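Both of the next two complexes hold chain A, though its partner changes from chain B to chain C.
For the complex of A and B:
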């Protein structure tokens, strides 16, 4: 496989030709915020809108998960424009996230917390309105607990459930009503979920958590 | 014999047959009834029935044809009569009585009933022709030219008037020639963004792969837009011919019409057109003996607005949820089933036969240098003559609103025009003299969009208009990307607060910040353009936003929470109780002088009293902010 050399934040890194920039950066220890990216998936969802970077010669910031690396590419993961976009996307996600870190099982292992730490974003909603939806927690499964109020709609669970589980998870609804649901929208406990728990391992936040621990 | 001469000869025979059929229509009186959706909504099918009954009753010999929409939707039902010895005359606002009179007096006698005539279709000494009116002088129909004059269900009408000659001509040349002609014409996509059609086709043609597709995007979904529907209902063969030429140019053998299921008549007429074209040998294997094979199917969309976006349209055709994907790859290189695919709007394809037949240079003679050709607009809202108009690019808004549309009804003042639907923007009076084309509109903060044009008058609140359109895009957002589904939601929440008088200082600035980020950060065109109505209304009508926030006042007296109804004591005619009877919640009572007073606690602001108050008194008014009522001592 051919490798290419590119520069990210002043560092020279090697990457496989055609690989998406996000993975090239992450594999080289350069962090770019991301939630919906799944390694090896042919069509990136590009849904979370957090992995914006600047590439020299491009008129505006682009998402790193969709941009294949090319020889000589010069990338910077930070710029006023990038920071502004990422901050807005992050704050939008928070405005729709049930912020309850202290009692959340994913406290200290949450990707939203990580992004806040890396980019020095406050973990609260200041500028925007809080969009409360009062969604019910689904506690029906013996192994998995689903709290839709914390879901960031990254789609990792849907993907892993189809890859390794029974494929009961999918997206339902449109626009602001979009959410993760089971086939037929029945509670997880009656859905044909085999309790493999893979979804709880890929969920970046506290939306899908295991019950055993 | 060379294949090109076979094509020419086969087509000449087809043309001859069609012309004979078309000319035979002229031997006896001919009545055209516009039965597109606009006509049907006004009762055209009833009129059609009555005309047929009357003809039968009076034993008169005449042909009756169902035709499409001429663009004069305001005057529907529309009937056109061809009678030997008379110019063809169109009659508007046709009622059952008028229909009967036309049959009895005009066809039965020789009285052309000019009191009901809208205009003649040709210049003559008897009746003013359409082209004698200001509208007729500004309009320059290319793709609407035959709409409303031919039966969309009869391929021979289309062929007799020159249809399919462009396809037959193209098939005698190389595909590259067709491509070059479209490129040279400067044709830009009429779906909204205005991307050069020739470049799209070229990308697809050069993309590697044996299998390619062409798709006609008829997923028209903007509120107030009906251009594509009217064309498909009135002249489906024009679009079908354009699609076939596109297929020949890019090397596709299969095409699709993606039509939303809410357009049942368009679906029916396109299906019929496809069937007739197949029977005539203009679709299918070895078209006209040229060796080129191409066929078309109809795919019905389920009504999601976002499916008008190319990648979402493809996803929905592939059986996936209609969600957009990241571009690139663009459909022209990897589209339907991963194959190179050209997706063009209905109107874009409708121009193609005309350009191929009359040449790129001819097309460039109309319109502006950057946007050649004409633009089709659907005039809706507060304008007298609603309907479709096709005008050269570069026509000013003023000409469109005042000459084509005949101005604002009921003597109200013009306020703004909303162009381009939910992706477009609102332009104020100062923009009226701006020549409209793709570039001038985007510079002004609006967008050509697909051609929807909603005219707003002094009674329309611009904050409410922005809220309305954002509510639409918010509901139609697919929910996939953060910026769009949460960003528009946040913006909508702010706008809702402002229209309810709960706006806060800084809300305008926050709206502007969010709008820029949603534009810059969204995944697809829906999110990238959704903030336009907000941005343009803030740009041109910021004072209205400020009045809502700072004074709790709606200058247009539209926002329900910011107005109160009030009866002027000096104007109230004491012995009249019209308002009292009209009020659904018994909020109006007479005081000791029998002057009517509104109990503001009970009032639900339905405006019934305002409408009930006889026009000679005009005693009911709206006040904003509502606190003004207390100041007046009520």
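For the complex of A and C:
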């Protein structure tokens, strides 16, 4: 495997040729916010819009999860433009997120909290109106608790359910109605879910959580 | 919304016929769903499962596509289809109030059908007669300048009686 050398935030790092920039940075201990990225996936969804970086010679910021590393690349994970893009994307995610950290099972292990900490974003919505959806928690499965109000639609659970589970999860609806659902929107307990719990391990937030934990 | 055994049988039979004309490529998904809707007037879950099996994809993927596009309806249409215009002009003229009226009177939400299958409710974009806003189209007939009282009047013309003094918010229609 050929390796390439690039510079991220002034640090020289090695990465495998063809690898996406996001993974090269994360493996070298340089944090770039991300939610929808899944290691090894060929065509990243690039849906969360949080992994923007500046690359020297590029006219505008690009998503690190879709950008392959190139020899001699000079990357900066922070810039006023990047911060602005990421902050807006983050605030949009929060605008329909049921913020209930104090009683959330993922409190202190939540990716949103981590991003807020790393980038010094407040964990509240300032510029946008909050979208209250009052969605029902699905408590029907013996092992998984699904709270759609906390879902960030990253798609990790859909992917892992197909890789390791029974493939009952998918996206449904469009726009504000977009949601993670089972066939016919039946509760998880009746969906043919085998309760492997893989989705609770990949969920970056408190949307899919294990019951015993 | 529960389908009768007869409806399920017809749906499966028709879907089977349609699938015979399509190869097992994922790219055929939308044309198949369109054909099913053309034949049945809607795309029932049983048909989606059948399509998923034919194409070798998870059933939830078919559901995903069918719920993404407005063109697919998942429940059988009512005997009378009520379409409330939500175009720009109707929106400005209080189309949402009219829609709420229909919802309250019929006791159903948008894209649903009353339990007796008499009425189904939909929201549509512009129907092209903005001077008459707010507009409701029932079956093929256009009704302009609709008011909440007009909603009751229209329902009355279909033989639905709303008892005086018993009209509460969220109350289902009393049918005689």
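We adopt the following convention: the second predicted complex is superposed on the first by the 213 of 213 C-alpha atoms of A that agree within 3 Å, B and C clash if a C-alpha of one lies under 4 Å from a C-alpha of the other, contacts with A are read in each partner's own complex, and residues count from 1 in each chain.
To be clear about the criterion, a contact is a pair of C-beta atoms (placed from the backbone, for glycine too) under 8 Å apart; a residue touches a chain by one contact, two chains touch by 3 or more.
As the structure is a computational prediction, the values presented were derived from the model and not from experiment.
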item	value
First, second, both or neither for A:38, with chain B first and chain C second	neither
Contacts of A:181 with chain B and chain C, given as first, second, both or neither	second
Touched partner set for A:169, first chain B, second chain C, both or neither	second
Which of chain B and chain C A:46 touches, first, second, both or neither	first
Broader residue contact with chain A after superposition on the shared chain, chain B or chain C	B
Touching partner for A:85 - first (chain B), second (chain C), both, neither	first
Partner chain(s) touched by A:96 [first = chain B, second = chain C, both, neither]	first
Touching partner for A:66 - first (chain B), second (chain C), both, neither	first
Contacts of A:135 with chain B and chain C, given as first, second, both or neither	neither
Overlapping contact positions on chain A, where the chain C interface meets the chain B interface	171, 173-174, 177
Contact set on chain C toward chain A in their complex	45, 48-49, 58-61, 63-64, 67-69
Residue ranges of chain A touching chain B (in the complex, touch as defined)	43-50, 52, 60-61, 63, 66, 81, 84-85, 88-89, 92-93, 95-96, 127-129, 131, 152-153, 171, 173-178
Contact footprint of chain C on chain A as seen in their complex	162, 167-174, 177, 181-184
Contact footprint of chain A on chain B as seen in their complex	304, 321, 325-326, 474-483, 485-487, 489-490, 493-494, 510, 513-514, 517, 520-523
